[in-house]
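Take a look at these structures.
Across the two complexes that follow, chain A remains constant while its partner is chain B and subsequently chain C.
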Partner chain A sequence: MNLMQLIINVIYAASIYAVVAYSYYFMYSARKFLNMSHAAIIALGAYLAFEIKKQLAWNIFIVIPFSVAITAIIAITVFLLIFKPLQKRKASSTKMLVASLGIYLVLQNLISLIWLDAPKSLCSWPVKRGHNILDVYITNEQILMIVVSIALLGVLLLFSKKTTIGKSIRAVASDSVLADVSGIDSYAVVLWAFAISSGLGGLAGILIAIDVDMTPTMGMNAFMMGVVTVIIGGVNSILGIALAALLLAITQHFGAWFIGSQWQDAIAFVILVLFLLFKPEGFFGKKVKSATV
Partner chain B sequence: MEYLLHILILIGIYVILAESLNLIVGYTGLLSIAHAAFYGIGAYVVALMALKLGSPFVINIICAIIISGLLGGLVGVPSLRIKDHYFIIATFAFQVIAFSILNNWVSFTGGPMGLPGIPQPVIFGWQVSSHLEFLLLVGAFAILVFWLCHRIIKSPFGRVLMAIREDEVFALAAGKNVALYKVAVFVIGSGMAAIAGALYAHYISSIEPISFTVMESIFIISIVIIGGAGSLWGPVVGAVLLVMLPEILRFVGMPSSIAANMRQILYGGLLVAFMMWRPQGLVGKYGFRLEDTKK
Partner chain C sequence: MLKVNELHTGYGKKPVLFGPSLEISKGKIVAIIGPNGAGKSTILKAICGLIPVWDGKITFEDSCINDSTPAKNVKRGITFCPQGNRVFDELSVNENLQIGGIYLKKKELAGRIDDVLQLFPMLKDRLKQNAGTLSGGEQQMLALGRALIPRPKLLLLDEPSLGLSPNLISTAFERIQQVNRERGTAILIVEQKVRKVLKICHKVYGIKLGKVVFDGQPEQIRHDERLRQIFL
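Entry: the complex of A and B
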């Protein structure tokens, strides 16, 4: 394998991590708990796209926004039914996590009951050989993923810096009590953050499913890599996430070159543990107070 | 009859797992998603020693407890620096790395195929072979673990653990070495999980990494939470209930094609329901913290 091919593979892997991490970033900054149900939302996006495409036979570029919207609506319903009441009772982040784990189990198994466990594919078009540019193979689907991830980086940076909702989400993220006092409706903001996150999660699932097949458990692996990326990136920074995705992909691919690709998961989590131990604030994150008494 | 004994043996194994996790989750307030990893480490240490060295069961299980306990201490160490969901993610990382080693180190652990043909244990000349004998063995260990947990909770050591759960800064201010207690509870909990692993390996006689995944960790957490975290009888009630549940579903006549999924949906639904309406579990008094139970 030549070096150019390795670089392209790294960029492609980094794009997947980045898109999933962006999707998790908003809900995580609004409410700091590990929301495992997001893993099922990622898979749900892909399966909804599959079903809509099968039933209505629309063009894939109409199917995508449609299924993203439905994914977001379902996720918001779950939020209103479960997370909001818990939040009102001032549930600890551990309790929220356990509840989200329960939601993940329910959603993932519903998907597997409805669409069965066998892998399904989104692309109905004939599988083409990848383009061969300068001895490097790359498929259309991979180019799409890379383009979307770069475009999302720009759009989300603008969104978070320039729009009112984006700014409010950042305000709630840095200090939700202060945001409340400043007249920001933090419940509405959290709702927006969950909607955006879930929509992006559905999009991530669809993009992954376009390139490789979908299975009901596909979300978990993608989600965990996304979480690793967000933490390494330093939870408060979109640019940090992009860099973290690159770092993760580079280490995984070079590591795989030396000790074999089956160790990629382990490599990612070793990096995560190292960050947690020695630089828990991530690349760009600000140092946080160790304990608020 | 065999079937009933099999269910009872499984309940015994899960009582050991849930009681040991309860020390960490329920009494110290540290949610860990790595418990299946220690369960697996116990099973693999015992299986490898029995298969490759042919050493007796008693020595194997002691080695398993020590190795798993030391690794448990290793997981406890980050808890001193990182909190809440960061710590939970760190335990998740350990779980993934441990599974990855069991699954990928083919020459040593057998890889995805696992280790078949684990011999029946011989304890001081007593060969444990029938279901009834296994039940006696598992039951004895379950009672031992239950008793140990009882002693730990009633001891000054246990009271410090609960103090850490309620208010870590306060425990520090009272002059307690919080770091040492946290690592110690992980060593004890992981060592106990290894006992369950050792018993499981000998009982099933063939182990695969797939038995020790994140989903297994989540199942053990469900037992503790639904039964009642931070109570001595909670994990017992939870283990009986959650191990029996799939059997009940089978008696109700649910087709086996959807039974596995329905079971998980039920576990998931129960977790959500308990978090919303009864965080202290069926027989517990506390949630993850005393104040959690106050509405």
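Entry: the complex of A and C
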């Protein structure tokens, strides 16, 4: 494999990590618990797109926003039915995690029941499968993923910095009690964050499924890498996530080049452990505040 | 303006306040003093709506606010600076101030921020900086500024001196007095730096184990040997 191809592969892998991590970022910053059900939401987005496309035969670019919206609505329903009562009872993050694992299993099994376990493919529309530019092979689907991840970076940065909801989510992430006493309805903000995250999660699932076939468990792998990316990025920074995705992809691919591709996941977790040990606040995360002046 | 009548509340099932009553009238500075764990912060949290009132009554401008939320109280004219001069570390100074008036229209908000910057010009050069990188004194100013954006009639301050050096404490108290004087804001302030707060307040309540054990003029504490031993 030549170097140029390796770089393209790295950028593509980084794009997947980044898109999944962006999708997890909002819910995690608003309400800090490991929400495993997000893994099922990622797969659900892909399967909904598959079904809508099959039934209505719409263009994929109409199918995508439609599926994203339905995914967000389903996720919010789940939130209202299960997470909201738990939150009312001030459940610990561990209890929320266990509940979310239960939701993941239920949703994933539902997907298996409805669509069966055999891999399904989203991209049956007529496009040329790939391009060969200067000895580098890249497909349209991969280009789409890269373009979307870069566009999302810009859109989400603007959203976070400029809009009232974006700023409110950041305020709740920073100090939810202070947000409350400042007049922010932090509960409504958490709901917004879940809706945005779930919609983006659905989008991530669709984009992944456009390139590789979908299976009911496809969300978990993507989700784990997304979580690793968010933690390395420093949970409070969209730019940090983008950098973390690049770092992960670079070390994984160059590592695989030297020691073999079966080690890719292991490499990701080694990096995670290194960050947790030596830079637990991530790239741009919260620094520990000095106690006195 | 604000009346607290036989307030009972606590955390979970554990009671912390056992019926303290207090009152603050328009434009005054009233101090709450007392040892650690007496329940001073808890009084402020109950007034601003962060924790539920179990029993008793809180009235603000003749309406009962027992069941009000912090957000509703902000609009009503009660704002709160929690203990530790908390600011949103990851947000810029400007964004911190914007959050203080998140419910306002853009134009109005900009005017309010200008007002606060006039009061605290030092913050002007730091608008783009992350609040977490400010010095302790600057953070105190920002915390106060954030709470002033809604133009409150009543400001609740929980230990604004916490973590500040003696010099900075004096400046902080001057600022608080300035807000009270120039804007006529009533201030209910919890403080452990008793000597200093007695100099700026009009009335003082002493709290011990969730009850009011003293209320009166600041001079009374300074001149009473027994009270001095308890509170100074």
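The criterion applied here is as follows: the second predicted complex is superposed on the first by the 283 of 293 C-alpha atoms of A that agree within 3 Å, B and C clash if a C-alpha of one lies under 4 Å from a C-alpha of the other, contacts with A are read in each partner's own complex, and residues count from 1 in each chain.
The definition used in the following text is that a residue touches a chain if its C-beta (ideal position, glycine included) is under 8 Å from a C-beta of that chain, and two chains touch if they have at least 3 such contacts.
Please read all numbers here as calculations on a predicted model, not as lab measurements.
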- [ ] Have a look at where A:266 lands relative to chain B and chain C in the superposition and call it first, second, both or neither.
- [x] first
TODO: Mind working out whether A:110 is in touch with chain B, chain C, both or neither, as first, second, both or neither?
DONE: first
TODO: Report for A:236: first if it touches chain B alone, second if chain C alone, otherwise both or neither.
DONE: second
- [ ] Using the superposition on chain A described above, determine whether A:159 touches chain B (first), chain C (second), both, or neither.
- [x] neither
Open item on the list: Just to be sure I read the superposition right, which of the two partners does A:283 touch: chain B = first, chain C = second, or both, or neither?
Closed with: neither
Open item on the list: For A:184 in the superposed arrangement: first (chain B), second (chain C), both or neither?
Closed with: second
TODO: Go through the superposed model and pick first if A:99 touches only chain B, second if only chain C, both, or neither.
DONE: first
Open item on the list: Once chain A of both complexes is superposed, is A:174 in touch with chain B (first), chain C (second), both, or neither?
Closed with: second
Open item on the list: Considering only the contact definition stated at the top, list the common interface residues of chain A for chain B and chain C.
Closed with: 291, 293
Task: chain A partner contacts - residues on chain B that touch it in the complex - done: 29, 31, 78, 81-86, 88-90, 92-94, 96-97, 100-101, 103-104, 168-169, 214, 218, 221, 225, 258, 261-262, 264-265, 267-273, 275-276, 279, 287-289, 292, 295
Task: Residue ranges of chain A in contact with chain C within the complex - done: 164, 167-168, 170-171, 173-175, 177-185, 236, 286-287, 289, 291-293
Task: chain C to chain A touching residues, read off their complex - done: 48, 50, 69-71, 74-75, 79-80, 82, 86-91, 95, 98-103, 132, 135-137, 146, 150, 163-165, 168
Open item on the list: Give the list of chain A residues in touch with chain B in this complex.
Closed with: 32-34, 82, 85-86, 89, 91-99, 101-106, 108-110, 112-113, 220, 224, 227, 231, 260, 262-263, 265-266, 269-270, 272-273, 276-277, 280, 291, 293
